[in-house]
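Same chain, two partners: chain A is paired with chain B first, then with chain C.
For the complex of A and B:
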C-alpha cells in the first residue's frame, strides 16, 4: 500500500481501461398522466414502479433493487438508479406500465446512462431560441 | 431462443493518473481532441465565491453563432473556405438534429466535413461514403467524411463539384447550424454569416453554493464511485440516505469527510477546447494558492449528437450518446483523468 501511495504522489503515468464495469445504470424518466392535475408523492411513484416490475417479471422482478434518487412532484420527473443487471427488466416494465389508478399513463424515458454525471449534461436540452 | 436480460450495451471508462510535470501526460491532447463540448462544470471545495481570475476566464469563453436553416452547400463556398476553413479552427455542428434519426453535419477545426446521413439521403446525394460502424449489418446510416483542405476538394476540382451539385440540386440539405471560430470570432465567418439568418450567443454560466457536503477521499476513491458522487453533487441529489431507506440508498463512498462549503459552477453552449485548456491552466494557478482543500474537479460533456467524438472517431447515440471527461487536479500537480463513452463510440485517446 505504501508503495502504491508513493507512486501516486510521484505522478507516474498510469492508464486503465474499464469495460462494462459500471455497477449501476441511471435513468431520467417522466410520468405522463391522462389527468395532468393529479400528483404522486415519491413513495407512491416508487410503489407504482414496483407494482409494474412485479406484474411483468413476477417475484424476481419485484426483488430488483432500484433507488429513486431525485423526484420532482411538479413535473413528475424522476432520476432512478438500478444495478446494471436489472436495467432491462426495469426499463421494460416502465414501458408496459399503462394505467395508474384507472387512468391512462405512460413513462417517457429521457436519458439512460451508466454514469450519473452524463444525466447532468444532456446537449439535447440546449435551448437557444 | 432465450435472451440474456441482465446484459447491457458496452460502456468504456478510461482512467488515467499522472502529473502535469510528467512528460508522458497527454491532457492537452485529450482536451483538444474532444471538439464539440456542450457543458463544463467545476466543483471548487471550500470556496464561497468564484475567484476573479477564474471568472474572467469563464467570461471570456468564445461566443458562437446559430445560423437558421443553413443550406449545407454554403459551407463549400469559396470565400468561406479561404477566409475561415483553410485558416483552421472553425467549429461547426448541426443544431437540434438527432444522430439516431436525422441527418447530422459537423465541420471540424482541421477542415474536415462530416455528414452522417440516413440511407435515403445518402443515395440521393450520390457521394462516396462508408456505412456507419454501428449498424453495418443493416446499412441504414452512412458517413461521409471529406477533407476540405485536400487538393481534390479545392473549388473547381472533381470531388468538390460532385459534392456541391449533390448538396445543391439533389439532396438540398438544410439545417440549423452552430458555428464558432478560434480565436478570430465573427470576423472570419462574416462571408458566410452575411448570407444567412444568424444570431450570436454567449455561453451561459450558472453558479450554485453548497454547504455541509459529504465528500469521499478523492485521491483514492474508486472511479465509478467518484463519478457517481460528482454526478450526485451536480444533479443536486442527496447522498444522506440510510442503507434501509425505502426510496434511495445512495450514500457518499467511505471514508468520507464533510466540506463546510463548496461552489459548483457550470457553463453551457458550444465551447471550444482552447477555452477549456485556458481554464485548466488557470485552475492550476488557483491550486497553487494556499487553501483548506487542495483539489478541484472539472467535467466536460461533449454533444451527444455530434457525428464525431474524440478525434475523428465516429460517434453514435444508442441509448445515451454520452461522451465526457472528468479531470481531478491536485495541489502537487498530479491529476486523475476519467474519460467515459457509451456503446456507440471508439475508445477515448
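For the complex of A and C:
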C-alpha cells in the first residue's frame, strides 16, 4: 500500500501512493445542543454516538468500530475515525440523532475525508479577497 | 466560421452545477424562530428554501385556504448562503392534505398565490388522481403513518411522465423512533416502484435543530434505498425541476406567459398602434 520514494536522498519528503481505497474515513463533527452551556465529556460523547448507532442499526450497527481521535470540550467538536465500510451507517445514525437527555441536538458534519491531513483546513472557511 | 464544439454547453447541465434546495420548511408565526430556521438553512448550504403552509380541509366546517405572508414581512434580511456569497431564495408553498375528492379544487384562484403547490393524498384513489390528473408540482408521501395503500406502477409512471415529483421528509424520523420506522418503510416501498427517480428529500423542519446539511441528507438517502446519484439529485437537480414545473403551471406549458403591465402604459399602446407593423395589430373583424 505504501511506496516510499527511495531515490530522494535528503529524506525530507516522502511520497505515499495509495493503491487501494483507504481503509479509514475521518469525520469532523460538531454537536449542537439546544442548551448551549451544557458540556459533554469525551466518554459521554462516544457513548451517545454508540447509542445512536444501536437504535438505528441494532447490534450490527453497534459492532462498527469507530474511534474518537480528538475532542474539544469547549466547542463540542470531535474527530472520528471509522472503517470505510461503516461510514454510511455511522453517518446516517449521526444524522438521525435528534435528542440528548431530553433536549434537542444536532450533529453538524463539517468534513469527511479518507485523509486525516485534509481535515487540517477547510476550503469553505477561507476568506478570499 | 467553423463551429467549435468546445463552446457548446452540455445539456442537460452537469449535476455539479446544481445547487441544494430544501423545499419544505414549516412556516411559523414566530418570526424570530423562522429567521433562525432560514439562517441555519443558509449556513448549511441551501440556496433555496420553500416555506410550507399546510391546509387540511375537514368535512365538518369550511376553512379558508391560507394566504402567504410576503417574504419581506416575515424575514428581515436574507442571510448569505455558505460558500456562494449570494442571499438565500425563499419561496412559498402550499400543501393540501386531501382525504376526499372535493378537498382539492383545481383552478382555485387561492392556489395561484403560492410558488409551489403540493398535495398529500391519504387514499389510494386520491393518490391515483394526484399522480395522473391534478395540476400540482409535488405529491407528498406520508411519513407519520403506515402506508394505507400500495404504490402501483401505473400512477407512479404517470407522475414521472407528467413531471410530478414525490416528496419524502425526514424531520419526523429525527423526532421519534416509531415515525422513523414508518419513514424508512414508506420510502423503501416507494423506491421499489419508482426506482429512485422523481424523488425529492426535504426536511419539514419546525426547529433549526431539525435541519440537516445537504450531504447528510444525501447519505441518508442510501438508507431509503436511493442510489448515490439519485440521492444527490433528490436534494439538487430534482428540486430544480420542481421549480421549473411550477413555472409551467403558471404559464401555458412554459411557452406563453401573461403578466400585468402598468395601466398607463397599456392605454398608450392601445391608442397608438401606428408604428407597429400590420401583422402585429389585433384584427378587428
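Keep in mind that, in the parts below, the second predicted complex is superposed on the first by the 106 of 129 C-alpha atoms of A that agree within 3 Å, B and C clash if a C-alpha of one lies under 4 Å from a C-alpha of the other, contacts with A are read in each partner's own complex, and residues count from 1 in each chain.
In this section, a contact is a pair of C-beta atoms (placed from the backbone, for glycine too) under 8 Å apart; a residue touches a chain by one contact, two chains touch by 3 or more.
Small disclaimer: the values here were computed from a predicted structure and weren't measured.
Contact with chain B, but none with chain C, is seen for A:86 once the two complexes are overlaid on the shared chain. When the shared chain is aligned, no partner comes close enough to touch A:30: not chain B, not chain C.
By the touch criterion defined above, A:54 reaches neither chain B nor chain C. Of the two partner chains, chain B and chain C are each touched by A:112. Shared-chain residue A:42: touches chain B; no touch with chain C. Residue contacts after overlaying the shared chain place A:68 against chain B, while chain C stays out of touching range. Of the two partners, chain B and chain C, it is B that touches more residues of chain A. Residue contacts after overlaying the shared chain place A:121 against chain B, while chain C stays out of touching range. Overlap of the chain B and chain C contact sets on chain A: residues 88, 112, 124. Considering their complex, residues 32, 34, 55-56, 88, 91-92, 94-98, 104-106, 108-109, 112, 124 of chain A touch chain C.
Here chain A touches chain B in the complex through residues 8-26, 42-43, 46, 65, 67-70, 79, 81, 84-89, 111-124, 126, 128, going by the rule given at the top. Interface of chain B with chain A (complex): residues 5-8, 10-22, 24-25, 38-39, 41, 66, 95, 98, 199, 201, 219-220, 223-224, 227-228, 230-232, 234-238, 246-250, 268-269, 299, 301-305, 319-320, 322, 324, 326, 332-334, 340, 342, 347.
Residues 44, 82-83, 170, 173-175, 177, 180, 207, 209-213, 215-217, 219-220, 222-223 of chain C touch chain A in their complex.
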